[in-house]
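In the two complexes below, subunit A is the common chain; its partner is subunit B in one and subunit C in the other.
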Partner chain A sequence: MSRYLVKRLLLAVPTVLGLTMLIFFTLRILPGDIALTIVGDDANVSAERLDEIRRTLHLDQPIWVQYLDWLRQLASMDLGKSFGSDYPIAKRLLAAIPVTFNLAAYTLVLTVLMAVPLGALSAIKRNSWVDYLCRCLALIGLSTPSFWVGIITLMVLAFSFNWMPQITVVGFLEDPVTNFSQFIWPALVLAAAQTAVLARLTRSALLEVLGEDYVRTARAKGLRENIVLLNHALRNALLPVVTLLGLQFAALMEGAVITETVFGLPGLGSTLIQGINAKDFPLIQSSVLFIGLLVIVINLAIDLSYAWLDPRIKFD
Partner chain B sequence: MTSRADALVQPALPAARLRRLGGLAAFVRRQPVGAAALAVLLLIVLAAVLSPVIAPYDPYENALSQKWQSPSAAHWMGTDQYGRDTFSRILWGARYSLFLGFSATVIGTTIGAFLGLLSAYHGGKFDLLMLRVVDVKQAMPTLVFTLLIVAGLGPSVFGVMIALAVGLIARPLRVIRSAALAARAMTYVDAARAIGCPAWRIMLLHIAPACIAPYIVLLSISVGGAIVAEASLGFLGLGVQPPTPTWGQILTRAQQTFRQNPWVAICPGLAISLTVFACNLLGDAVRDHLDPRLRGR
Partner chain C sequence: MTRSLWKVLLVGIGLVVGTARCSAPAAGPAPVGGGAEREQRLATGTDFPAGPTDPAKVKKGGVLRGTWTATFAHMDMHQTGNLGTWNGVNLLYNGLLEWDAFDTTQQKMVPGLADSWQASPDGAKFTFKMRPGVKFHDGTSVTAADAAFSLNRIIFPPKEVASARKEQFVMVDKVESSGDTVTVTTKFPSSNLLGLLADAWQVVVPKHVVDQNGDLKQVAVGSGPYKLKEFVPSQRFVAVRNPDYFKPGLPYLDGVELYFFAEETTRIAALITNKLDMVNPAGQGLTAEGAKDVKSRNTPIVVGSTPRLAFDAWRFNVTHAPLDNLKVRQALNLALDRSEYVKFLSDFEGVIGTAVFPGSFWDLPKADQDKLVGYEAGYEDKLKRAKQMLTEAGITNLELTLMGPAGVAFDDNAQAIESLLGKVGVKIKRDPSQQEEARNKESKGQFDIYYGGYGIPTIDPGGVYSDHYYCTSPRNTSKWCDKDADALYEQQLKLLDPQERRKVVWEMNKRATNGASMGIVAWRNEDWARWPYVKDWVVTPSRYTLASKLEYVWLDK
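Right, the complex of A and B next:
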């Protein structure tokens, strides 16, 4: 297991390196001048001001030198300061990561709690009105933009309970109850879209497993149907579901960017949006990288969970 | 001059045309839900195209005395904080949202398909590079990648279109690459190579036709996502800038002002959801009609 872990970590290194190259060179090869993008439509900006911006962002250096400088900063965790302010980027991102992680954790738990029963019910009552209703709900969940679901949720909470998002986020270890009340609604909004995708897969996976010989044998032995489903069928059906959960984490982060903005959570997503609105390119680069790193880490954790789910899988 | 090999593998044009017409009728017969979704989508597109004619009010005109109106006979979906008719703004917004969604889908899917075709035919280092780039890109959420490009290009119609299109390249590249690899292994491709066909001719006339079905499926299943992505950019204030109405942008304001008039928050979201729902149903139906093996990609 530890050999597998080391191997996976080593394989993650070129992925992370590739990610830094993708982010860095995407910004640099786009048409236009970053310095001009920052000043926008200001016709009165002088050439000296543009040169000053380029010097501050090291845009006057050769592109490879700029990239290696950024890698050096990442390795030493000194990400520099936000453009236009003296606030250290590393400090800002380190404060934002736990918020996004908190939201993602609640969302994953809610997604599994909602999607697995929904998909299982749909599979058990195949081609009945329950099945069609579940599949219809799943398609509606896929078609509805998460930011609109977030706005409607805010509206219902505001009109029904006079609830508004709080300005300061409380950590889970600090006060679990307040933390739960702050994150449950954005997590539900995010989980709605994820549930739709996962429920469909759970349904397909369970239908496949229910047709297997060992399930027929378990029924023939006289086991109760719920024992057959829970102990024999569902556990085997969960492996592709866990795989998709990992693949869906990137989609979850997309939703998190928007949901954090709707609910005013100071996570990585809203930090990225603030960086884009402020045209703070150092912050934009680092925020995008950290979001990508979070996806890689979560996928690694999910890979490692396979052995617990399926003891036949031997890590080598 | 047409080679004999080409004449052997390509159907005569009139028969192909007839099959295409028959294909549409067969699609309507076999996929009634998809056909209904197509009809709804065509209605929405028609409404968007005819919006300058059918919109009851000018979407840009302020009428502060009419602000925060609830739905009524005069204003079917109410008015916003500037007294602008929401229904007219949604109709006009459909033009931009649908145009950007469809064009970004066509551009991104076509570029991805072309790169996939090249990657499959040439193989070697180019193929390896393409696959590694796609693998790394998968570690980054598509919307985040799109936001990165919008940050570089600036929020504008051009910037949004390119950003959305680039975000859509990875999946068609993989899918078309797979289809092209299968076609490349066929005997007729070897035959074409043996009689001296140049590489571009083999790719376009012998391998590409095998990729048409998955290409069409990819187009149909990607449109819904592209429309949502465009609306998301508009909602975040990074899409087409005001006063041009787009669906996402209408909801940005609505988020802050729903207490005054909740209908401004409800109606644009329903328009987006209905359009994307129709696109998803159509995409599923096209996939089931043309290539059910693509289910799950």
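Right, the complex of A and C next:
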């Protein structure tokens, strides 16, 4: 297992390097002028002054010099400062990441609580009205755009019930009740689509396992049905489910931009969008790199969890 | 089966007709023409108080929660014109003098950090006497040396300072301080220096803080009614009351919290559920549609629409043939009749005007405005003249590229330009771009016609001209250059008598408008909303007045 872990970590190095090159060079070919963004709409600034701004941001340097400077900064664990505002990137991300993590955690818990029973029920009561109802609900969740669900949810809460979550984010440890009230609605919006996907996967995975010989043997031995399902079938059906959960978590951590925007949550997604709008290269680079690293780590964690879920799996 | 088919057909026809009716340009509200009507609109706008409430009746305390725009650069007011910076950071600073908070005509200046000032008889030397006993937020005294340092930083910036308003002060020769006075000497008599100094971007900053930090991008130590508590770019800006503010008893609020919401629905939801006290046009306001939405809810929220120093305009690139031909440009201006044009603009609220703020002291009399190219009555006659002028210029099958920032506003304006120019045989090719890319392309002259929205900081009549018509202005992206018009601009800058100055301003405006390089469509209103307990909050046409410092605002709850 440790050899496998080391191999995977070593493989991550060229991946991360490739990622930095992709992020960095893609940004530099985008149109737009950061100097104009910085001076703002109501300033009348000469071309010389705009050049001065670009010089202070080292944008006049050759592109490969800028890239190496950035790598040097990363190597010294310095994420730099925002273009224009000089606001420390690390501070910005440290504020945004917990918000997105909070949202992702709530969403995953809700997703698992809703999807696994729904999928299992659908598999057990295959081809019954229960199965059709579950699949129908899954399809509705899958096909309804989350931005629409989010806006409608917010409008119903605000305009019909005159209620909206507190606009300043409160940490879970600080005030769990307020934290719950802030995140439950956007989490439900996100969980709707996630549940649909996971429920369908749970159903198909469970159906496959329920057809296996060992399940037939377990039933033939006279074990109760819920023991057969929970102890034998579901556990083995969880392998693909866990994979998907991990990928969904990674996707959530990339920032559910639209949901964060609709509910006014200052998470990673909305921070990234603001960085893109402001052409804040350091912020965009650091955010995307963080997301990339997270995906690599999560994938590794998923792979390692297989050994725990299925003792037959061994790593070289 | 046949009956069902007929029903389906009828329904289908009904849908097609209904959709076609819905997509026709909506007849917008009738634009306000001008004259006394405009002045009335400017002076009253809405039910703003004429002056502050008697302090004995004010309920002190509370935190005002408003909106904040995301376009935040940094906190150094001298180095940016960014509205996100303005909205929050202006609470923290003062200038030598300021535009009165309750004057919606923007003609009255009041003392700020200077408690008095004098102009020399020749109008070329201005002496400001500093108010004694004023302190910065760190407890140090505000001195004349700090004021002189601040003005020099704006007007004669050192290499490391990218002053955002240096070009506005071309008339200044030097700035000096001695004792408790600051003296500004100009190269020629200046009629607008005081107005420019009252523009609340021109704040006094502590020299020792700049020396210590290099700049003020991440630090804000002012003398203003509020002190910085915290800010997170594009999320929130929080300021708390300055208990040592030099105006006794002010501010009334304990603090101000400004929040950014990217989505208007979220903003409105926050306002209606009372998570916000106001939606502030200096930060993020409301669209006209959003204002209607708020009005339609069963709440006591006050919704208003007031004139702002912002206008929509198209500009022709006069370096691109045949737009270098004055007659061609004038012909196109004739076709782009303003009254017809605004009918294409969804949610239009505003007034048709020229290059000075409509209804202000400097505005052209309506009779004069109606003689300008593009403003005359008689649309059909204008179309005929336009076609004739284009024919005489040998123009046939003209196709022009229209560029601008992508969005609903661009689409509306593009439709207007396409339809109206189409009537004189001109084809338009649309080239919308992302906001910053559009500005970039505009600055590089990569357009035939550019549509955009613009703002000016003060009602001063030179504002639009100096930015958009003056030969060497960086924002004159049309590259139109009329030395005689520039001479009029420079002349009016030196005229100290307002009546005399106004005559020259009128001539300057007429020349600029008839030069037809830039067509100002209309000066827009902006929509805002507040809960009724928010008192003494005034929306002045310019954002950059004392009104935005919220020092008189109080909460009656």
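Quick note on the criterion: the second predicted complex is superposed on the first by the 274 of 316 C-alpha atoms of A that agree within 3 Å, B and C clash if a C-alpha of one lies under 4 Å from a C-alpha of the other, contacts with A are read in each partner's own complex, and residues count from 1 in each chain.
The criterion applied here is as follows: contacts are C-beta pairs under 8 Å (C-beta built on N, C-alpha and C of every residue); 3 or more make two chains touch, one makes a residue touch a chain.
Just so it is clear, the model here is predicted, and its values are computed rather than measured.
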Thinking of the overlay built on chain A, is A:26 touched by subunit B (first), by subunit C (second), by both, or by neither?
first
Quick check on the superposed pair: does A:158 touch subunit B, subunit C, both, or neither? Answer first, second, both or neither.
both
Tell me which partner A:86 touches in the superposition: subunit B (first), subunit C (second), both or neither.
second
For A:242, is the partner it touches subunit B (first), subunit C (second), both, or none of the two (neither)?
neither
Output check: A:170 vs subunit B and subunit C. Expected answer is one of first, second, both, neither. What do you get?
neither
With both complexes superposed on chain A, which partner does A:37 reach: first (subunit B), second (subunit C), both or neither?
both
A:300 in the overlay: touching subunit B, subunit C, both, or neither? Say first, second, both or neither.
neither
Does the superposition put A:137 against subunit B (first), subunit C (second), both, or neither?
neither
Counting only touches as set out at the top, which of subunit B and subunit C does A:262 meet: first, second, both, neither?
both
Interface residues of subunit A shared by subunit B and subunit C, listed 31-32, 37, 40, 151, 154-155, 158-159, 261-262, 273, 277, 279
Contacting residues of subunit C [partner subunit A, same complex]
70-75, 79-83, 85-86, 159-160, 162-168, 217-218, 232-236, 259, 261-263, 265-266, 268-270, 272-273, 275-276, 297, 433-437, 439-440, 443, 455-457, 466-467, 473-475
Over in the complex, which subunit A residues touch subunit C? Could you list them?
31-33, 36-47, 49-50, 52-53, 56, 82, 84-87, 92, 95, 151, 154-155, 157-159, 162-164, 166-168, 261-264, 266, 270-271, 273-274, 277-279
Provide the residue numbers of subunit B that touch subunit A in the complex, in ascending order.
132-133, 135-145, 147-154, 224, 228, 231-232, 235-238, 248, 251, 254-255, 258-259, 262, 265-266, 268-269, 272-273, 276-277, 279-281, 296
Please name which positions on subunit A make contact with subunit B in the complex.
15, 18-19, 21-23, 26-27, 30-32, 34, 37, 40, 139-140, 142-145, 147-148, 151-152, 154-155, 158-159, 204, 250-251, 253-254, 257-258, 261-262, 272-273, 275-277, 279, 281, 284, 288, 291-292, 295-296, 299
